[in-house]
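Right after this note come the structures.
Next, two complexes with subunit A in common: one pairs it with subunit B, the other with subunit C.
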Partner chain A sequence: MTFINYAAREINCKIVYYGPGLCGKTTNLQWIYDKTNPQAKGKLISLATETDRTLFFDFLPLDLGQVRGFKTRFHLYTVPGQVFYDASRKLILKGVDGVIFVADSQEARMEANVEARYNLEKNLKDQGYDLAAVPYALQLNKRDLPTAIAADEMYRQLNFKGEPTFEAVAMSGTGVFDTLKSVAKLVLQELKKK
Partner chain B sequence: MEITCKKCSAVFRAVIDLPLAGPVRVACPVCRQQLTLRPAPSTEVTPPPRPAVKQREAVIVDEPRPFRAFLGAQLQKLGFKVTLFDTGEPALEFVGRTSAALVIVNVYLKGNRLGVDLSEDIKNDPQLKSTRVVLIGALFRANRFRANPTNLYGADEYIEEQIPEKEFRQIIRKLFPEVSPTVEHPTETLEHEDARRLARLILSDIIIYNTAKVEQGIRDGSFFDLLEREISEGRQYFDSRVEMRVRQNSEIFNETLRQFVLMKREELGRTSTA
Partner chain C sequence: MYEEEYQQIKEILARLQIDSNSKIVFLVDKNGQQIAAHGDMAGVDATSLASLTAGNVAATDGLAKLIGEKEFSILFHEGERDNIHISLVAQRVILVVIFDEKSSLGLVRLRVKKASQELEKAFEILVRKSEETGSGRFESPFAEITDEDIDSLFSE
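== the complex of A and B ==
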């Protein structure tokens, strides 16, 4: 749910990177953070548990254009991908304006991708959202790996509603901003409708 | 039962469990004569020892990969003797020699003969009339939005990678109705399938977060020691999500672990010999 700060004339939007464990959600965020103008971003916060896993969220405000004279500030979050942390994932989806699903292209992780996609749908529903109506993009990450399966095959298994889909190598930044921009655009379109 | 006294010919009833397990003594209520009832001599003939049933021969022709190990393990559980081949020619020679009951072959094979050629060779050989052939599709889990192939090159069935265990067993039982339906997972339900999937996902997470430990553990046999904490954590989560009656029945988590270790061993063996 978009939060409007009238005093600062800012519209705050929340975009969540979703996907199975180690699919590259944090790498996406890290890349965006590193390549963003220091004046335009806040602190990158990573909360981890004693198990050394990226567990809670990375937080990154970004300025990306204006809507009716209001600046838009995007807050980017990741969720913990391991199947264990379902409660945290559900919590982080609260108030979401857009979702980027990062899929791992490795054959061995296809089942985890499919599960995470269904889990996203379910957790959104539990929070009162419908994935069909939420601005959404699919990123096929780790395309450089030799064990990557065909993009067409991944799309066939993971595509939900004909969403914008991007091939990416988040480690080198390929496809990272394209994916973010596509969802940011969809979020802004939704805002302008309201 | 009704008993006639041998001495006074009185007929009386006695409550005795039949058949008799051993001699029973009763007294005639009229003359007090003691009578001994003995079990009837057994007419049962000890059956001659059954001739040893020849194990069905199954052949899997596919590149050495986890899926081949999975198929092999499943067939062994169903009572087949499994022989593995990487290429078509030696497999065909073996099948011709042994008249194997079942051949599972990948559509594409290295070497001169494709899987579809092998299927046609077997089906065109009158000596191998009873051999059943199952083709493995070349696509990865193309289970959605996809029609079944129209030409099976003579094969009896068609499967694809990632076929669920239950479905695979059903196909084998369709081809071999005499295969016991109770060899494994006799009460397989949707709950079991879900539990199995959850176990695979937990394990998949453990593996991807601990690749170095996993490889080392598989190589030197210390897998369960090195990953003790992660496995225990995974099992706890599994137990918290799966009802006790489901996990107790089938030891799903342990079985998934065992299958993974077997597959990984084969994978690493292949890498080291490549």
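== the complex of A and C ==
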């Protein structure tokens, strides 16, 4: 749920990065953090295990500037991708405004992608959301790997509703901001309708 | 959130901070958005505090459900110098009190209880008000937002 504070003239939106384990959700956030100027960002919080696997969530607040006199702030979260952290994933989807699904382009991970997509749909439903209605974008990550399968094929298997889809290499930043911008736009357009 | 209630909520927080002799009093919604704060916020990353608190409460909530409890309404973290007291108000917002040895858990609990009742009332009025006015009368400032407005946010 977007939180609009009329008194402080602030608007806060929550965007969640979803996807299977090791697909690059945290890497997306890390890139955004590294490339944003210091005034616009807060601390990147990473609740991870000793081996850098996300345990609960990563969190990055991002100030985008003003729209119609309102300070616009996006809160970016990632979920832990590993299958057994499902209870945590569900919690993080609470109050979500937009979702970015990060898919792993390696052929061996396709099954995990599909499974995570269904898991997203189910967990959203449990929180009272419908993936068909939520602002949503698909990111095909790790396009640089030799084992990456064709983007068309991934699109066919993973695209849910014709959502904006981006090819990306999160390690080097390709496609990272494009994906974020597209969802941020969808979220703001959603506000317009309300 | 409307101006009038916002002021009232801020006053309640300010009083709680003084009465409980604490350092910071902080109100967050369950999604991790900061609503209001009072006290010495310098040197505290408020946004992170808000999101971690909400994450903490959400995880504890999940634990409660697992063992068949409706909720754990109070969380308390004790540190060497500072302590954090977290409680749920009206099942919708989270009240955080940070205090050191100048106060005590008992005092904080007592004052939080009183302030919670006041906050509960304020939020009740707030909810009723927003239901009465509905979304129709209170015009969203985003109704006229244009694609250019949105684009301009992203031009670096």
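Definition applied: the second predicted complex is superposed on the first by the 185 of 194 C-alpha atoms of A that agree within 3 Å, B and C clash if a C-alpha of one lies under 4 Å from a C-alpha of the other, contacts with A are read in each partner's own complex, and residues count from 1 in each chain.
Quick note on the criterion: contacts are C-beta pairs under 8 Å (C-beta built on N, C-alpha and C of every residue); 3 or more make two chains touch, one makes a residue touch a chain.
Everything numeric in this text was worked out from a predicted model, so none of it was measured.
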item: Which of subunit B and subunit C A:V83 touches, first, second, both or neither; value: first
item: Contacts of A:L191 with subunit B and subunit C, given as first, second, both or neither; value: second
item: First, second, both or neither for A:Y118, with subunit B first and subunit C second; value: neither
item: Subunit A residues touched - subunit C or subunit B, whichever exceeds; value: C
item: Complex contact set, residues of subunit A against subunit B; value: 20-22, 53, 81-84, 107-112, 115, 149-150, 153, 156-157
item: Interface residues, subunit A side, partner subunit C - complex; value: 1, 3-8, 12, 14, 42-43, 45, 47, 56-57, 59, 61, 64-65, 67-70, 72, 75, 77, 87-88, 90-92, 94-95, 181, 184-185, 188-189, 191-192, 194
item: Touching residues (chain side subunit C, partner subunit A) in the complex; value: 1-3, 6-7, 29-33, 35, 45, 47-48, 51-52, 55, 58-59, 61-62, 135, 140-145, 149-150, 152-154
item: Complex interface listing, subunit B residues touching subunit A; value: 139-142, 144-145, 162, 197-198, 200-202, 204-205, 207-209, 233, 237
